[in-house]
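Chain IDs A, B, C, D, E, F, G and H follow the sequence of writing; residue 1 opens each chain.
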């Protein structure tokens, strides 16, 4: 998606990148995020830090889409990956970094419980991204989506399944206020 | 819900208010919002204005729940009601007030299209609240919920159906950053 | 689908066209619409204009299926594409052309909000076509379908997901009254 | 719903009518349709006839809502009730009256098959209204709604469950072209 | 599926048939039905005729699975194909053949209306088979399945989507009583 | 439902019966089945026996609706109640009576497993009736309905949830062949 | 439910208790659990402790149903209530009591995240009970049910929504091995 | 999934095994279970036997995943395959082996009735695994899942569709108590 003088293409294959590079030689390809990005100098920097947290390794591509998008929009991004709720100690160890953020993007599939736990730990706006990771009764991310919409913690809002770009966009709006 | 020295009860009947008033005489009842509130002096004021916009008159109780909640949390709230997408001129007339907000809570039932249109007009974080208003294939708010999750505009995140309180909470977190 | 002396095949590949051309040499292939058409001289012309409007570029193939179908049935068709609700100015600019139509086919995926906005602007029968464009909670067009069925504006009826042919058929029936 | 100098309230109880009559003494109450109506002299008459057909006796209230609405909007309405697909002879007997209409509103619950059969008999725009009549796997009208969306006949578009008002509105738009 | 000394394999490819023929040289392959069959002499013949009726050409493979299965089980089968409800005259022309059957298997996709119409015409047990034919809101046969379960006519029972084998089995049980 | 000179009203309250008795004094009320019945002499008797089997005590009203309906239509009915799959010995004890039937109506809620087990025991047409008994993930009978549609045994067809009347009707058609 | 010489009635009103007490004077009523119980001396005691944990106060009636049921079956039960994931410190404080159990019943509504977190903390079989607590997109407990079925932690199995009795039964079977 | 010094990879292709064998030469591949396993000497043996039962041949891969997983975790496993409810005699013949288990994993697709029947026969904890086997209204295992959640027998808990690993894990926890 081109945004003025910034270029951002999500869900892009390496082949797409090769084509884009012919037109925009300075564009870069973020393989895990599947994002083609080209950032110009004049992006207004965000005021604080955006944390992108993810539950499992299979959630990481969506988390990377969010992280790369947020960086492209001028934000400092801190990645806190692999902090799923079945291993609380790792998450608890990241508590101070979470509390220091101006906005947190939380990416999780399966039962989608991580945003509730994060929002219970800190008083920072949490944008939850369900992922289509899982099988059977995960229904391509619906279980995680429903879990996040029904969060028992305050401060959680939700975007569409796998929509790392959208979550980063909201976090960036908040971080630029 | 009691939050420290602030009292906030959502979906409260007048009977519940009568009971609460026996204990907290200074509590007030907001009938349309069905909210019992008691605000202490020491709430930190928000930095800017939160707009609460709603599509139809039947969405107004949820909008009021959001507005009263946000006010109780120390925010200045501007209500922009009855600006559904079937009558664009009213919405377009409110454009400048929308653009001046630090966060916008958009409440809509039926097809839930209002958040997309609002987010297309201004660059402010939009928290969308689907309402259970409607009948037939609205499925108690699911149609609106899905519409909001699939918004074609950037900057929209979503909370649970009828969750005016939750949306106000997020808007207040943003407005206090 | 052959209809008397007119030939219309929807969702046709170029390979199918090659086979058809062997039998009906005058048949033409509309690549974006994926339609094979062969129109005879004696089609009764419609009385006015049918507008086919679409929200995003990915909705265009279904819109083209509708437009080519309507043309084959003897109607003058005006295409108004890429007028999604997140960019209202483009849609508002097309207001007079919309109002001049005898029937409007509106094609949209994602939240499916465009038919409501169009039907709020003009008093013309709107036939809404949800598209399977989108991902995650769009559920292959169900979100758009539900949005259209719950339209808050008067004058909107709906056909099946991606059914550009069916919508054009209804618009043509109306335009020939 | 008040529409300029015309008054139309759907799903209205007799109590609501008593209240309205205090303000608009000339208003009338259509008990089966549950509609309060007040029609002024200056409504533009429709060009032809609108047929309202219904499948079973339990679909009749929605059919009446459609018929009364269409009449209020200045249309001549012909009612063809109780012509469900399990008794084809009654429907076939009404064939000529169906073919003479400029628009047909077809109201049916359960499997919702009537619109397909009607649209197969005549070349007139059919607006299908699923009703919430039924039990078990009818899911409050969803079975009928899906049946209508998947109609194998050309010329059928669909409105929300029980939305007799909306169907009449579209039929009236068509009949006034 | 092998059933004693009879062999019946449904949903079989030609490759599977080649493999089977190596073991059972007398087996035959029914290409449209995708059935491999081998019928022995000692099958008890059914008492009357089983009609297999289908709505559209795309329903025919499932209809053929039913017809071939019923024949293999010793029944005389009459095929009445392409009698969808959008073209009633063809169906009405087959009325006497339908009435003469001891059981009728009705195969239909899309809105699944054919079983209701057939059961309204004759007093014979109807076993309805929804097919996965269709797109969009047909949901792989669910719309047809729901339509059949909600049939407004008496005498209709339903089997799983595309289960021509199961329907033939029931019809054969009835025809052998 | 009046059927010629026979009267059958399902889901009837005692109040309804009192009203009917004023008009048809010889009508009888079957309280558990909630059926009002009036049977004339000239009903053609069925050829054999119809078994109505049910899983649990809460399925019995629907089973009674089926049994009373079948009796009214001239059939000899054998009731085999309370033979759910969690207590196989009771069901196995009824094996011979099941095998002697010309048609078996099997009524079950919850997981709806009884029809599969019955159809595995005997070679008689089984008409399965899911009931809306249950809670939580039974979804008002959908779990039982799906279980029956997916039966692993041959010879099972299904009617709508709680539709004892419909199942009896089919069984009676079969028993009168 | 009577089980041999033990009496257990779930979802029982006080009126039901009054009736039962006439027959079994020694029966007791557990008001929050809505359970009538009568325990005889000869119940075999379980080997260890069963923990019943619950997330929020509104989940407590189902938790009590489980706890009372387990006690009646001869188990020592430890209640750990109000330990929802939005307030981790309370749950972490109960860690040792959780680890000492032979089986843990975890009761939670909304997003149903508690079983995953508990199963991540200790290596004890967890039986998860979703509750119908919540509103909007909780769908009467479905969101919690899906969350539990998709648990990212090992050792979690699930019973039906609100089925405290069933969970206690399984825990008791395990505790008596 | 690596668990300390034990290696277990589920849903593994032979290609994955070839890669793993390069690193862990002693790993073994279980083709039907699609599991790569490497078991060390020091696994604590379970106290009794875990039975893995399955309904049909197509359920066997998931059953094997469960069986191999349980063996790797130190348990003695008895396989009782192909004992679906449509052929009760085979299941009844295995009654004593079922009763001797400390935990039973029951794997079934289609209507998912086997766990109810097994739990009705013996008093052993049953962990039910729905499989995605089936077509049409089986919805990829949802019908079986719902059937198991609504089991009319005591002692049944459920894991996600096709989750043989998870069921074995729970059975092993129980068998090691």
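Heads up, the rule we're going with is that a residue touches a chain if its C-beta (ideal position, glycine included) is under 8 Å from a C-beta of that chain, and two chains touch if they have at least 3 such contacts.
Keep in mind it's a predicted model, so treat the numbers as computed, not measured.
Participant: What pair in B-D, D-E or C-D shares over half of its contact pairs, by residue number, with F-G?
Facilitator: Equivalent contacts to F-G are found in B-D.
Participant: With respect to inter-chain C-beta contacts, which pair, C-D or A-G, contains the greater number?
Facilitator: A-G is joined by more C-beta pairs in contact.
Participant: For subunit E and subunit H, let me know how many angstrom lie between their CA-based centres, rounded off.
Facilitator: Here the centre of subunit H sits 36 Å away from the centre of subunit E.
Participant: Please compute the C-alpha centroid of subunit E, do the same for subunit F, then give the distance between them in whole Å.
Facilitator: 25
Participant: In whole angstrom, how far does the Cα centroid of subunit B sit from the Cα centroid of subunit H?
Facilitator: Here the centre of subunit H sits 48 Å away from the centre of subunit B.
Participant: Got the subunit H residues that touch at least 2 other chains?
Facilitator: Within subunit H, residues 136-138, 142, 145, 149-150, 154, 160 contact more than one other chain.
Participant: Contact residues on subunit F for subunit H in the complex?
Facilitator: So the residues of subunit F touching subunit H come out as 55-56, 84-88, 92, 110-113, 116-117, 119-121, 134, 136-139, 142-144, 146-154.
Participant: Can you tell me which positions in subunit D touch subunit F when the two form their complex?
Facilitator: Listed in rising order, the residues of subunit D that touch subunit F are 135-138.
Participant: Could you please specify the touching residues of subunit E with respect to subunit F in the complex?
Facilitator: Touch list, subunit E to subunit F: 102, 123-125, 127, 145, 149-150, 154-160, 166-167, 169-170, 173-174, 177.
Participant: Considering the complex alone, what residue numbers of subunit B touch subunit G?
Facilitator: 130, 132, 140-142, 145, 160-163
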